[in-house]
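Next up: some structures, all given as structure tokens.
Shared between the two complexes below is chain A, which has chain B as its partner in the first and chain C in the second.
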Partner chain A sequence: MKKFLAVALGVLTAIGGFVDIGDLVTNAVVGARFGMSLVWVVVVGVVGICLFAQMSGRVAAVSGRATFEIIRERLGPRVGGANLVASFLVTVLTLTAEIGGIALALELASSVERRLWIPFAGLAVWLVLWRVKFSVLENAAGLLGLALVGFAVALFQLGPDWGELVAQATRPQVPAGEPVPTYWYYAVALFGAAMTPYEVFFFSSGAREEKWTAKDLSVSRANVLIGFPLGGLLSVAIAGCAAVVLLPRGIDVSTLSEITLPVALAGGKVLLALVILGVVAATFGAALETALSTGYTLAQFFGWSWGKYHRPAQAARFHTAMAVAVLVGTLVLLTNVDPVAVTEYSVVFSAVALPLTYLPILVVANDREYMGDHVNGRATNALGLVYLVVILVASLAAIPLMIATGAGG
Partner chain B sequence: MSPRLRRGERPFPPDERLPEPPRPAGLVLDARLHLLDRQVVDVRGDPVAIVDDVELEERDGRVVATDLLSGPVLATRVFGGRPPRSRWHRVAWRHVTEVGVVVRLGVRGETLDVLWVERWLREHVVGRVPGGRHDPE
Partner chain C sequence: MTTRRSPGRVAAALAATLLVGLVGLVGGCAYGPSSADTSAALTMTAALDEAASAVEVGLLVVELVDTDRTTTPVADGTLRDALLEVGSASGSLADALPPRHLQDARARALDAVADATAALTDARAWVNDLAGGSAHDLTGALSDAADAVDAVTADLEAAA
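So, the complex of A and B:
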């Protein structure tokens, strides 16, 4: 019974924690421009994140080493250092986008300028990192994030032509009037949003925070394999809402109010309030995860003491690094950049940085010195290799596509 | 520890003859494989540093590892060069009790010089902010 509860809680937090500002924005933008024709990318991305999150969790649980310690050990200081710089910058960019997302959601709820909310959002994120226990912050944000289910409710209430949506999703084609490179640019962005590298740093370090051992593997596998696909369904619902309401009316997504417009249309104020609560929780949770990930990557590369299970004073450099990252993100937002634009860039750069994170995990998951009998099976390795090729292609194509399409123009 | 390797060059000649192990045979460690870039933990298991480099010394014609190095010396492994000896942060080899997936020391990390940044931040910044010395709730 206790185990069942642990699985249920883990699954619920995985669903709520799956969607972050990157998924919200990218899915809505894509839905509004391409209908359901890019849903296949979400499916590919969800399978990929399940595969690698589960792998990194297993490595952390069995060997007791988190991802970035292994990256440094395996790749040496030069390649590992390049990896650190890239991953760290992408994670800070994502953190910036998440803090901006919190402010946008609060603006939508209160009609108070987002620039007034930004310092409070940054401060709140730091306070929670400083004082709140790991399990509490993870579970609370994940459970409240479940309110995003409002998007699925809205989709049903809108009563769309389901056959048409399914046809768009299963027989994807580039809609008339959209250039082909733009279609592929958003495919890469969507893939980057689903597979953001910080999720793997967070997952493997979280396994250490909660002191997982090989015994906890079945629980973690259930969490990932059930929770992430259901979270992916929420992503698809967001795209679906945009495809039903925004696409026919030719509305482009440039702020959060357009993303939530279908919800307001379908469910009125109550559902809108619920979804805004979900957006605040999801972006807040993701801001915590990305901020922790900046600390984790640095601390693991340099061998500092890290982890929320310590008092801040016992992991002084770790906490200083996180505080600086949150401060930098907040200051960047205060320069009046558009959080939605920051989000769009963050998911594309995530796609660029993906191979750096996922290759070392695949290598170490096959190393018997670390893993003993828990090394990857053949099927996992085969799938992992296929994904590595996909990730590499997406990573190499991202920047050229960005230039060719003028960032989606 | 050694001059920078060129790209594509092996760290050892392919026909290198390895020294005969001492009899009775002990644990043979490859400094590159088993020491460099490994996590160092103290006697209680708390992280201390990563082995950024190893200081070697010649004694009676034999090369002996005297210290594990950490800190700014890392930059030299990325960019080449050599920091002045006064900037090296050392952990004496005699403190090492076990070399495995991590390098374990037999002393408390608090006593070591390599942790001065951590100590400085704790005393002057993190420990002074309210709540910095309390368990998270």
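So, the complex of A and C:
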């Protein structure tokens, strides 16, 4: 019974914690422009994140060390450093987008301008990081993030032509009037949003925070293999709402307020309030995860004491790194940069950084010295290699597509 | 036998590549009048698309408020975002420097976007209970603005 509850809690928080500002914005933008014709990318991304998250969780549980520590030790400072720089910069950019997302959601709920909410959001993130236990912050944000199920409810209430939506998803084609490079630009952005690097660092370091061992592998696997795909369905529901309501009206999504229009149309004020609560929780939870990931990656590379299970005074550099990352993100947003634009750039640069994040994980997960009998099986390695090719192609294509399409404009 | 290139050759090759790239870029920018016409028409069409999207947002918000399906803060915030979009569209149209035969289209585009701005401003005042009128009147004004924007867009697409 205890194990079942652990699995249930893990799955629920995985669903609620799956969607962040990158998923929200990118899926809505894509749904409003391309209908369901890019759902296949969400499927590819979800399978990929499941593959590498369970791999990094297994590395942490079996070796008793976080993935990044082993990458630094196993592959040396040069490869580890490249991994660190790429992942760290993208994670700080993602953190900035998440803090901006909190402010946008609070602006929507209150009509108070977002720039007034930004310092409050940054301060709240830092306070929670400093004072709240890891298990509490992870579970509370994940469970409240479940409110985003409101998008799925809205999609059903809108009563769409399901046959048409399924046809768009299963026989994808570039809609008339949309240039082919723009379609592929958003495919790369969606892929980057689903496979954001911070997720694997957070997952493996979280496994150490919760002191997982090889005995916990089945729970970890269930969290990933059930929770993430169900979280992916939320992403599809967001795209579906935009495809049903915004696409026929010719509304291009460029703000968070536009993303919530289909929800209000379908479910009225109650569903709208639920979804806004979900957006606040999802972005707040993701801000915590990204901020923790900045601390994890730096501390694990430089060999500092790290982890929420230490008191802040015992892991001072870890906590300082997180505080500085939150401060940087907050200050960047106070320059009046558009948080939605930051989000769009963050998912594309995530795609650029993917090979540097995922290749080392695949290498470490095959090292018997650390993994013993728990090294990757043949099927996992085969799939991992296929994904490395996909990741490499997406990474190489991201910047040229961004330039060629004017960032999807 | 070594096949390593000397640093001088590598530098020369890089410089040549850069030069070819720059010539291509500059040449592309100064391609000629027909290219400039198309570019100006596309810039204006993109701005009008942005305005059309904002007007559709306004129509949807008025419908949601009229049927009591959204809250005042959310409706107000959404209309404020829509007003920023028409403001951006107006700025892009004013900034464009179309050729002589597209000047009239640009003037009509600016008028259409100004009408859209006025309709959205009225809608925001109505949502905040700062103005009278009915949802029907606002929907009419927004629909007229949408039609005007669509008409100029069609003309520009034909010209491009």
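By definition in this document, the second predicted complex is superposed on the first by the 409 of 409 C-alpha atoms of A that agree within 3 Å, B and C clash if a C-alpha of one lies under 4 Å from a C-alpha of the other, contacts with A are read in each partner's own complex, and residues count from 1 in each chain.
Here is the rule we go by: a contact is a pair of C-beta atoms (placed from the backbone, for glycine too) under 8 Å apart; a residue touches a chain by one contact, two chains touch by 3 or more.
Keep in mind that this is a model prediction, so the values were computed, not measured.
Asks: Taking chain A as the common reference, can chain B and chain C both be placed on it without clashing, or not? Answer clash or fit.
Replies: Fit - chain B and chain C, as placed by superposing on chain A, sit side by side.
Asks: Touching A:Gly409, do we find chain B (first), chain C (second), both, or neither?
Replies: A:Gly409: touches chain C, not chain B.
Asks: Using the superposition on chain A described above, determine whether A:Pro77 touches chain B (first), chain C (second), both, or neither.
Replies: Touch partner of A:Pro77: chain B, not chain C.
Asks: Looking at chain A, does chain C or chain B touch more of its residues?
Replies: B
Asks: Looking at the overlay, what does A:Ser218 touch: chain B (first), chain C (second), both, or neither?
Replies: The answer is neither, since A:Ser218 touches no partner chain.
Asks: Check the residue A:Lys269 against both partner chains and state whether it touches chain B (first), chain C (second), both, or neither.
Replies: A:Lys269 sits against chain C, while chain B stays out of touch.
Asks: Can A:Ser63 be said to touch chain B (first), chain C (second), both, or neither?
Replies: In the superposed model, A:Ser63 contacts chain B only, not chain C.
Asks: Please give the nearest C-alpha separation between chain B and chain C in the three-chain superposition, to the whole Å.
Replies: Chain B and chain C, overlaid via chain A, are at closest 13 Å apart by C-alpha.
Asks: Enumerate the contact residues on chain A facing chain B in the complex.
Replies: Against chain B, the touching part of chain A is residues 63-65, 69, 72-73, 76-78, 80-81, 130-134, 136, 299, 301-306, 308-309, 311-314, 316-317, 319-320, 369-370.
Asks: So in the complex, the part of chain A that touches chain C is made up of which residues?
Replies: Where chain A meets chain C, its residues are 107-111, 245, 249-252, 254-255, 257-258, 260-261, 264-265, 268-269, 272-273, 276, 409.
Asks: Okay, in this complex, where on chain B does chain A touch?
Replies: Touch residues, chain B against chain A: 36-40, 46-50, 52, 70, 74, 77-78, 101, 117-119, 121-122, 125-127, 129, 131-137.
Asks: Going by the contact rule set out above, which residues of chain C touch chain A in the complex?
Replies: 46, 49-50, 52-53, 56-57, 59-61, 63-64, 68-74, 76-78, 81, 85
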